[in-house]
Every structure is written in C-alpha cells, then in structure tokens.
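Just below sit the structures, each encoded as structure tokens.
You will see two complexes here that share chain A, one where it goes with chain B and one where it goes with chain C.
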Partner chain A sequence: MTDPSFPQSRRDLFKMIGAAGGGAAMYQAMTTLGHAAETQFTGPPRLSGAPKGSSVVVLGAGLAGMLAAYELMQAGYKVTVLEYQDRPGGRNYTIRGGDKIVEVGGATQTCTFAPGNYVNPGPWRIPHHHRTLLHYCKAFGVELEPFIQMNHNAFVHRSKAFGGKPQRYRDVAVDFKGHVAELMGKALNAGSLDDKLTKEDKDKLLVAMREWGVLDKNMSYTSNLAVSGQRGYDKAPGGGVGGAPTPSQVNGLSDVLSSNVWTQMGFYFNYVMQTTMFQPKGGMDMIGKAFAKRLGKMIRYNAKVTEITQNETGVTAVWEDTKTGQKASTSAAWMVNTIPLPVLNQIPMQVGPKLQAAIKAVPFNGQLKIGIEMKRRFWEDDYSIYGGHSFTDQAIGLISYPNNNMFSDGPAVLLGAFANGAGAFQLTGMTPEQRIEAALAQGSVFHPAEYRKEFISGVSLAWSRVPWIMGCTSRWTEESRAAHYQNLCAIDGRIVLAGEHATYYGGWMEGSMLSALDAVERIHKKASAA
Partner chain B sequence: MTDPSFPQSRRDLFKMIGAAGGGAAMYQAMTTLGHAAETQFTGPPRLSGAPKGSSVVVLGAGLAGMLAAYELMQAGYKVTVLEYQDRPGGRNYTIRGGDKIVEVGGATQTCTFAPGNYVNPGPWRIPHHHRTLLHYCKAFGVELEPFIQMNHNAFVHRSKAFGGKPQRYRDVAVDFKGHVAELMGKALNAGSLDDKLTKEDKDKLLVAMREWGVLDKNMSYTSNLAVSGQRGYDKAPGGGVGGAPTPSQVNGLSDVLSSNVWTQMGFYFNYVMQTTMFQPKGGMDMIGKAFAKRLGKMIRYNAKVTEITQNETGVTAVWEDTKTGQKASTSAAWMVNTIPLPVLNQIPMQVGPKLQAAIKAVPFNGQLKIGIEMKRRFWEDDYSIYGGHSFTDQAIGLISYPNNNMFSDGPAVLLGAFANGAGAFQLTGMTPEQRIEAALAQGSVFHPAEYRKEFISGVSLAWSRVPWIMGCTSRWTEESRAAHYQNLCAIDGRIVLAGEHATYYGGWMEGSMLSALDAVERIHKKASAA
Partner chain C sequence: MKARLVLGVGVLTLAAATGLRAQDGPGGGPTAVEVASEGREVYEQICQACHMADAKGGSGAGAAIPALAGNPRLADKDFGTTILLKGRGGMPWFSDILTPEQMAAVLTYVRSHFNDYKDPVTVADIERLAAL
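And then the complex of A and B:
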C-alpha cells in the first residue's frame, strides 16, 4: 500500500500530490461550518431517476467495483459485476489457515494458521476520518475494533544506532524532545532569536521548552525522576517500604540523532496515521464480504475479461470462465471499469488515445507483507507491547503486533514484514521459504530470545507477483498527474474507470470508494441525459 | 485520582517523589536483562509455610485489601475482611442506572443511565506497564478493551486563546512543532549553537528539524499540502475528477503559544499515559467484583470499624453492623489495615506515636467526576472523535469520550468533568444539579450545537464528600515522605497498613496492589518467624 509508513514514501506522496485546485462547494460549506474537512464524502450519492431498463457492467469486485454496483443497483440500474477471482474484495483481502497463494512464476504457499488467526496482506487499518468506509461498515454491520497505531513501548531499530540495539520509542522520543528543548532554550537565552519573535512570545516559548522538554531548573535535559516520569524508570515507583523509584539514564544528543527517531515521531503525526484507527473484527475482508452479500448473484466470479468494446448504444465485455474455459460476453449500456491498471493495460479496450495513454502512464508499487504465527504472545507477556509497530531500517521495514484478542493464550499472528521500495524488491526476489527465514532473522533484533523459539509458520504476499494485479498501489508523480489524471478519470464514451488508481488518496480504501462514488455520479448524470 | 492529567499536578507529583534509594535486587536483574522496569511486580508472592492456624483480619475490601486477603488465603491463613460498604472495590467503582449516591451533607443522587451505560468515577484507565493489575485481570478472567488515551482529533480549549474557540489537537500540535523546528533551524543556521554541538550533529539536527517540523525547502513552516498531510486539509484528497486536495492554513506562533498545547503534548508523553491503555469491559468495578467472587463469604460487608486494639498475641477490630446496629468484634493474629487515612485518622487504634503521626500527616485530594448521558454519539457521528479527551482550562478540566461500544446507536455516557484542584473545589461546593448545569455550560464550548440538545441526565461524584473516604487520593510532599512514609509502612506490632496511601504510585490501582503485596510479604515473614 502507498500508505506513508516510511518517511521516504510519505515525502514521495506529498511530491506526487499536485497543488491543482477544484473543489466541491458543499465541501467548502462544511468546512466553513466548523466540521473538519475529513474526506470528500458527504453521504451516499442520491442517484434518483435511473433511465428505465438501463444497465451497467462493472469490472472487478473490489471495494470500488462493489460500491459502484451497490449504489447503481439502489438507483434502479440492472448491474452485472465480472470478477476474475473466486472471491470478492480484491486487495481487501485476508489470509487464513487453508488459504492458498499462487504467485506469477508458480511459487505456491498454503497458509497453516490456527482457526481465528489471520493476516491482512493489503489494507489493514482505517483512520477515523475515512468517512465513506466507516459509513458503509456501519450500514452493513461490519464490526470494528481499535487498531493501535502509536505504541510508545514498541521499538525503533537502526542498524547503525546504539550498536544495533533496538530502543524503546518512548526513550528516544522523550530524549529527542528534551535535547531539542534544551538547545532551543540556549539559543533563546543567548538572544539568538530576538529578532525573530516578540519578547512575550520568547518568554512563553521558554516556559514551553522547559515544560515540554521536561528540563530542570537550569534548563538542562538530564537524568532525573521527572524525566523518568516520561521515559520510564530504572526502578519504577512501587508500594510499601521499597516503593521509592530510581531514575533512568537519558541518552546523549548524538546517540539520539543517530536513531532518526524524528521520522517515527513525524510518522505518528501523519493525518492518515493519527488516532483513532480501526480494523474489522475477524479480518479486513469482512468489508468485502459484507458488500458481496448485498450484491449476491449480481457478481460473476472466475470471469477473466479478455476484450472490451463499445459503440454508440452500449459496451461489451468479452470474458472467459476460468474454471470451465467457456467464453462469454456481457453487454450493458454503461461500464464502470475497476480493473487494476497493470492488468487493464494488457486487455484490448476500445477507448480513445488519451485514456489509453493514461492507463500506460501509471506504474504500480510492489509492497510485500509477511504474516508469522507464533506459539504465544511473548510481545505482550514479556515486553508489555500490545499492538503498534517496531520499526527497523532492515528490508522488513517493521514488525507489527496484533490488535485482536489481546491477553489471550495460544498462537497469534504478527505482521513480520511490511516492505516497501528496495526492501520489497529484495524480499520479493526470494522464494517464500527464504522470505520467512529473512523475516525471522531480521525480526529477531527486537525479540532475540523468543522470535525463533516461538515460531510456528509464516506466509508472504509479494504484490508484484500476484497474477490478478501485479502490483499493490498506483505510483503517480506530479508530472503524470498533470498529464494524465483527468484523462484517466474522464468518461470515454460509455466507459468510466474507478479504483485506487483514479484518486488522490492512493493506497487507501477510502480513495477507491470516493473514486467509485464520483464515477457513478458522473455515469448516472450522463445516462440520465442520454 | 492523582493521575497527572493536568500539568500542574504532574509537576507536583514529581516534586513529591523523593530521590530516596533502595531497590530490589531481582528488579535490577530484570532491568539488566533488558526487560523494562515497568513496575515493581515480579509475579504473585510465594508465601509458603503459613504458621498453622494463623489468622489475619483485613480492614477494607478495596483492591489492596482484597489482594492481601486473596494471597494470604492462598498461603493458608484464615482471613476475614471487614468492609464498611455493601459492595467490594472501594474506589474501584462504577456507577450505573439505579445506583444511589449519598454525600456527606445529605445530597442524594440516583443515576438513571440506560442499561449497559456507566461512568467510572474513580480509576478509569490501565497502563500497559501496570503488570500487577494486568496479571490479576488475566488470572481472574476480567476482559479488557483498549482505552483510547491520545486522540489527535479531539480538542484543546483555552479561554484566552483563539478567541475561546477550541482547536483540534492535531492542528495546534503540528503547528507547535513546525514553529519550534523553524526557529531551531534559524538558530542553527545562524551559528548560534555552534559551540554546543558538533558539526555532524548540527547537520543531522537540521535534517531532523526539516523532516520532523515538515519545513519547506527554505526551512520555513508554511501552509502547504505536506503540512496538511499532518494537520489535515481544507479539502481532503478524494477520488475521480475532483480528487485534488487543498491545504489548510497554519496558525502563527503567537496563537499557537497562547494555546499552551505543549502541556497536552507532554501529557501524552507521560509514562502512565502512554499507549497502550486498557479498561475492563462493562466498567472498572469488574476487577473488584472478580476479587470479591474469589473471596466469597470471607468478606463481611456493612461492617463499620470503630476501634482497633492489639496486644502481644493478637489484634482485634471492634465493629458495628450498619444495617442492624449490632456491635461485634473480630480478632486475629495479624491485621492488614487498608482503611483510607481520612477515615482511619478518626478511628482509635492502638499503635505507636510514629504511625499515629504518619496517619495524620497525609491529606487527601478531592477530585470530582461527572458522567453525562447523551441521546446519541454525536462526537463520533458529527466530529469523528472516538475516545480520547478534549481539554479545557475551565473547572471541568476535560471531557472524555467513551471507549466502549463505539459506532453503536442509542444513548452513551461521556465523562463530562474530571476536575482537580480549584476546579474540583468549585464544583464540589455546588449542588448536584448545579454541577450538571456547569458541566453542560462548560462542555458546550466543544460541541455547541449538540451538547444541551442531546443531554439526557448526569451524575456527579465529589470524592471529598464521599462518607467512606472523604477524599480521593493521598497527597504526599517531599517533606512528608521523608518524615513519615517509612513509619506509615512499617509493621506496628501486629498491624500493617496498605493501600493507595502506602505507595509511591499514588492515585493508581497498581500502587495500591503493590503496597498490598509488600505488606503481606512482610507480615508473612514476621508471622513465620513468630
């Protein structure tokens, strides 16, 4: 996913986002009324008055396709959904015991997790401001539980910092702000910033530095019980005769800087990463399943689209039943096409050169995730870590602790890798067995005594080797946005594209869904006017 | 509770904590092994070989008393617990519909919350490092769920900042770090700190400031899409033709400083406030009830202790049945006394002058909480706030959003006030009706359109007016610690005190429990040697 889990991809993301204007009046009005501009969602679309007998064929039963189908159905259209796989959801996907994963190239894995255990290889967390997704979860009865994003007690690991020894986030984050506050205090007290701020603001800023940085009366950041009240103690406060605490030792500035901890501090401040976040109980695919339940037989599974044609009265998808090899075609007045671009790029489609060029212009990222089942929750029992992530600069990127069934006994599944960029390339190039070995070797830096000892099994998903998508998230640049984005979204005759690639919210289910809503509104408008 | 929800009390707390030494070897060993010094808990006590037929009377069925009773019972002692109230738990307390609250002075309230709704007027959150409490919750099957402590999307309100208009925490916190980073960058680039750090650290710190502060290429903190990626957008990114986002406007340094937002930023960094936190499903008193279930008839409720005597062979508690008025006495070889000091202070007890003086030396704080039932979860539906706190400098201190049953329909209970210090005095001095009115008036700053409109009912607990405790948390100073703490904890003949007041972890259930474990270990040692 293009979610900004890594500073480099966050910065890339922002570069990709053009400053192009255009905005919905309704939306601006909401903002003015004091409601935060949380998402472009303003409620389900009102698509009244569908032309009598009009039909739509939707390609792809991912969230974008199913949402489009659901709302068009509600509006009175006759809808057919063609889906390549034998399940709904697309990247809204959960791997459980018994599930089989076959990669391009033939490598095959069968997951052996215990009943109830799972890994979400695609999207795995839902921000509180993704109102479209939350709306449909509530409407369809998908139960959500908190996803613990920020965890002060998890680790930060940089191979070249602290001799390669992981540090608790709280230790280095508290030290970082302490040192920054101390240095700022020195600069302020030396008068170095007197021409940059008023006397009143300077005085307030000195108070702020002392309190925020937990500086002592000399404005120094030092080891004492007040600082330990944030970073933790050598001996925690207790009860009875031996109750007095002893302070922990702070790290020096150079060590703290070597940890790059500010990248994590910034990460937690990303709007899409802020509390409160959620996950569906039981696995992310509960959302896709909830949509599919409402669409029922409208979805035709195992349908591999091989050609798309259109004329002035309708559009036709030619497809093949992958189970029987039988060929068929489905025609309709209109088409919502959510096939991921790396696949769509290979399907002959009768559209104009601008849309053709746009489809070819957007490469996909190939993230990789690994789920690892452990015999017990040693991260909870032995490390007091409940949810959240331990970050590393190794290929795996992070390990993440499960948010479901905390405090329970028996096997549980860690996210053993969420690799992007070079790390994803490296791990994708390995066999599934080698990936698990790499994940165990790298993850062991955090839990050396337990990681291999408690290991049961692992499963990996390398998105660039998944046959039905060959990538995970669209990679737009400022240049490709300017040249192709509007062409990608524009209706071509009777065909409109929707999905994760047709959005400024790449890598998030919310983006796919907003794209679908925008697409059906435009198609409906055109159909109504036709 | 003396939990550091407010900067002034946090600072007070640290002042109170003496730097006195003393530490358990076991504990230090754990720390050396790389396990964090999370609590002084090292597992349940091993009290083998209780003297045959030996007995203990425990005063108070709060968590300290019940834990002491439970472990002494396990060790083979004959245990009786005398409890003043008709329920177990003490401050581990939950108010639900039908519950009656009678204050010193006679004011009476009956809670009318809907079934399933509740407010925890005492402790309400459990840090991940409170291992004693978590141990017994798991052992006794108390189900826990996440308590959302930090919420970037909740509000910060200062009467004199931003014209009294509450700000989203994320907006002002992101602005605060942006301005701090920009100023630090200026000081560094001007060479003002060149004598304070190496060239290498200076260069790294400049990178850190740019990335952590989300500064632009000129090292300025300005309104742009990258900054909006943290503080939120005017128009959020979306899908389809209108998907491009527009940035939000950052606040100036003076405005940000007027909000004192750094106090909240520091608050969330407090070790006891860090993620992950928990609450028992269904109400905090599930913990007390779980203990009481294991003690069964060992607990004598409605027993008001009126006198305590001891001699060389045993100790006697004289008590009165508050339902029947009947007088009785319970004798045992040993006593664990957990009666809160403001009450114990009034009971004649045959102990030496040092313990007497210690009991008189510790005043109690009088916090106040208000639970408010609303017709619907407007904070979720209309504000995207799920759990967490909105802070204010008004008397109520904060409002806090419920962590149970998120996304559900129907009435829900907000914490409408958690008042300390002057605010608590002010609200305690009011009638229950006046308190609710004040809470509605003050809480309306956050949710002006909904707060009164959706109000159903409210209930307040002013701890200094609660007859069985007359306060909420013990208030130690550095001086009183030095003079009295060890005397308070020392065994006096056959009597040992335990509870929240006999700890360096005041205001937390973990402290009370650690105190109880320390007390039973010492009593057992003395009993075994006797």
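And then the complex of A and C:
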C-alpha cells in the first residue's frame, strides 16, 4: 500500500511543493534537482476570477501587450488594446514584398522582394531555453524551424587581418585552439605552472592539450592530416586511385591573433547564442499574428495615445485615430502600458515622480538591419554555406544567410547588415539608397564576384528612425538599475508598465513576455484584493 | 582632471560592452568603424542618424526627435555637452563612442552652423562637466 502523502515521482513532488509553496517554491525545488534555471518561466499564469465587470486597457500590441491582454482576457477581464500601428507585433516584425517603410524624417522605402521572401528586422532567432516564447508558439500553432546559428564554413573578416581577406571560421578557430594548446604545453613542460598544479593534473592537462589542440608527437601545432581532420584539407579525401588527401597549411599564430577569432568563439559560448535556435516558418511576425488572431477585435489599430490620466477608480488613455484624426478616449479600471520608453517619456502621464524619473532614465540603442535580395543562392551553390553568419569588423557587422528553402532556385534574401554602435549611427544617417550601396560595398568582401552581380534590391530598417519606438533595445546600466528598475516596474495607482525595458532580459522577446506575465499577475492580485 | 575623464570613459565603455553582451548582437566583436575628428563629419556620421541631415529632427508616435537647428537651449554651451556625456530620455550618452575632442568639435559645429552661437565648445568644457 502506498502512502498518498508521499510523492511517487519527481513530478508528484513538484506538484506537492507547488501546491504548498506556490510557483516560486516549485521553481526553486526544480532548480535544486537540476531542472529549469533556464528562464524564469514556470508555465502560463492560469489567472482566473477577475472581479465582475473589471476592465483593463493595454497600450501597445507588441508581444508584451498582447500576452498581457490574452492572459487577462482568459481571467475574465474586459480588455481593450490600443496600438499606434496598423499591424500587431511591434518589434516582432517581418518585411515582405509590398511593405512600405516610412521613417521619422520622411524617408520612404517600398520592399520589392519576391513572394515568400522576407527579412526579420527585429528579433530573428530564438534560443531553445526561451520557454515562455516557445510555450506560446506551441500553444498557438506557430510552426518553428531551425535557425542555423553556427556555421564553421562561413567567414570571419577583419580589415587588418590576413591582408583583409576573409577566412573560414573553421580554419582560424582550429588554428587558434592549436596554437594556444601548443603554448600551454610549452609552459607546462618548462615547469612554469608547477606551483599551480599537482603532478597528476599537470600530466592530464598535457594530454588534454595534445588531444584538444591536435598537437603532433613533439607537442607542436603543425600542418598534417590529423589537423586537417578539423580544419579541412588542401585536397579532400576522395575515392579510388586518387583518393589520398593532402593536408591544408595552418596559419601562423600572429595572423590568427590578428583575426580576433576568439570574439566569435566566445560569441557562440554565450548562453543566448547556443544551439539549438529557432525561427518561425515564413517570418518572425507569425508570432505576433498568432496572438492578434486570438485577441481579434480587442485590438484598436491606428490609435496614437496622447495623454494618460488616472484617479482612485480607474485610468483613461486619450488617443487619436491616425487615419481620421478623430479624438477618443478609453477608460478602464487598470492599465498595462507597454509603450517603448523613448515614446512614453514624451507622453503626458499622471504618475508619481519616481516612475516619471525611471521612464526618463533609460535610453535606447539604435540597431540597423538590411535585407538584400539576390538572384540566386550563390553562397550555397558556390561556397557551400547553408545558413549561419559571416562576421566583419565593418559597419554592417555581419551578413547572415537564409535558414529556409535551402537548395531552391530563384531569388533569396540575405541579412546584409546587423549594425550597432557607431556603425549603426553611420548607416542610419544615410539615405536608404546610400545604406544599400554601403551594404553592397562592405558585403562584397565575402563574395566579391557575386555580391553586386546577383543583387536585385535591398531594404533597411534603422530603428532609431522608426516612428513608434525611435530606438531598438533598452540600455540599462548597473547605476540606472539600482536607482530606477524597481520604480519602473512598480504599479503606480492603476498603471503598470511592461515590455522589453521592464526586464533583466532586454533585447529578447522572452524578456518582454516575462515582463508581461509578471505585470498581469501583480495587477490581477491587486484587482482581486480591491 | 584629465585622468578622471579618461577613467570615466573607460568604465562607461566597459559597462556598455557588458550591457550589449546580454542582448542580441551581431557577434563580430567591436567594429573598426572610426568616427572622424572634424565637427561636420562627426555630425554626419553620428548625430544625423536621429537629428537628420538638416538638424530639424522629426516626429513619431506622440513623440519627437528634437531639432538642433534654431534651438535656443543650445545658447547655453553646457546644454549639449551634458546630454552627450549623460544622455537624455531616449538618447544615450556618447562617452563610449566620441572622444572629448570629437564632442567639442561637433558641439561647436552644431551651435555655429545650425544656430548662431559662435563661441566654441572646448575640450576643457567637456572635461569640466565630465569631472562633475
């Protein structure tokens, strides 16, 4: 006979802990036992029992706003979403043929990509541990496909390395590893580290260096067939009489160091950059569209919020229809406000000085992306590059190859730039035509014979000039976190902020969604207590 | 005072790099993009991304990028310097992208070319405010 109060499995145990101590206790227990710890997501909130007749107005139909609206709707609130644009998704955005882009300042582009082609100018890759986003994708039937994050056969280019000639990532990464292992071996054998290691560990480390670095019997990193087994051959192994391979020539340490390849190697070690990664089939905005479909007419598009007021019983958003100029207002018991801070800090809003100060304390970075349509997949046909990124220290930052429809004929779209910092400012300050010219000039370094020849058209999104956000990602510092983060997140009367800026996971959709879940749980608790 | 400024710039650069690492980014490490030293060129390479080539800014969703042309607040020499050093609202600080020399050059250009304030902003002005 089994004791019903004794957990039969780990799952039962978690359920018991969850029932006794709530989600946080369960999460902590799971972490202790070696699960989770990959996101703060512990499952959808399953809110219920909204106070009768209670209402919420949500500002912004990006992922944070729509997730908040969806969960509050499930709980029984009457929800209205006000959105400035004529589409849902916010930064969850895909540009396709026929789409028009109008910038602050008036520059206008119309994308001319072939049907089925697109560029994701905002988020474009989803880590496997972003459980909130993946949960809702699965629940809403958003089909995901692999995003090719790491490609050893793509290029690394640095203007002052290898005479400006791009190198295959595989070659320089293997060479870097080999040279470092050789030097480590020399230091160990010279006894330089004897005071840091036991004899036993020193011996193990020497074996590790030899195997990891593919060093020869003299503990040297040299050109040979074993090394070519990692970095590729001069003449690849074949069949029949001419089947014998010949080794490739390793690069010298000095050249390898000048390539800075450790930055890419380190990049792939980042938790958010590790494989497996995903993208929605057909474009990132499939996620925003899936949410919008479930919210239906709750979303009021083309609504420009101009003022926000509140009192003890409710909150009001004053807005204007950008198509008709008609003025209106929407009142509710509560507000979830996801308007990006660069815009929100200029909208009059009746909140306390601490929240006001927090809203003004967070500037935004202004990344820029460019999509370039090419007549054919020369990177696949001529270079054996299937997805992944070629990195450069030029303003464009990288070019990235499409992850879908591999081996197909006809036009395909490359990501021709993902610029940040000074490079993003330089490209943003140009006209759309100048940006494409710069992207072609810089991207040609990787594919000189094909890049201009196969070019059809390009489209750029300069986030600093996007009218509804005027930036891309929030920029916190340790100082501003300490002074303002809690104030930004705290409920002010009837208003709570949510979105990418109200999270420690800035620049990721997961962060926006975690922020929204936290906000609706707190609002629901407060509404239920009222 | 100079040493303090240099230290301040270094710390901010580190903070910015750390901040960016958590967010999505191209992953190629720092770019070799160099900003020019001359005031007009700094304006074209950095400032006009948001403030536009004519320095008239622009409007968006219930918010605007302020005009620098004909802006009476720039009469105060320190007004622009403080913003370049500390940021303001949606605009980030530029102490990790521009040197004090470049800040002085571009502020002098914006104040004299797009406005009529002829007295130059100097490196000493930048350092004085950075040391506060």
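By our rule, the second predicted complex is superposed on the first by the 503 of 530 C-alpha atoms of A that agree within 3 Å, B and C clash if a C-alpha of one lies under 4 Å from a C-alpha of the other, contacts with A are read in each partner's own complex, and residues count from 1 in each chain.
Going forward, contacts are C-beta pairs under 8 Å (C-beta built on N, C-alpha and C of every residue); 3 or more make two chains touch, one makes a residue touch a chain.
The model shown is predicted, which means the values in this text are computed figures rather than measured ones.
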Clash-or-fit label for the pair chain B, chain C on chain A: fit
First, second, both or neither for A:W476, with chain B first and chain C second: second
Contacts of A:A395 with chain B and chain C, given as first, second, both or neither: second
First (chain B), second (chain C), both or neither touched by A:R170: first
First, second, both or neither for A:L206, with chain B first and chain C second: neither
Which of chain B and chain C A:M150 touches, first, second, both or neither: first
If touched residues of chain A are counted for chain B and for chain C, the larger one: B
Which superposed partner A:A226 touches (first chain B, second chain C, both, neither): first
First (chain B), second (chain C), both or neither touched by A:P363: second
Which of chain B and chain C A:T263 touches, first, second, both or neither: both
Smallest distance from any CA atom of chain C to any CA atom of chain B, in Å, after fitting: 7
Interface residues of chain A shared between complexes with chain B and chain C: 260, 263, 270, 272, 505
Residues on chain C engaged by chain A in the complex (per definition of touch): 15-16, 19-35, 44-50, 52-53, 58-65, 87-93, 97
Residue ranges of chain A touching chain C (in the complex, touch as defined): 84, 103-106, 123-125, 156, 158-160, 260, 263-264, 267, 270, 272-273, 304-306, 341-343, 345-347, 360, 363-366, 389, 391-395, 397-398, 418-426, 428-429, 462, 464-471, 473, 475-478, 505-508
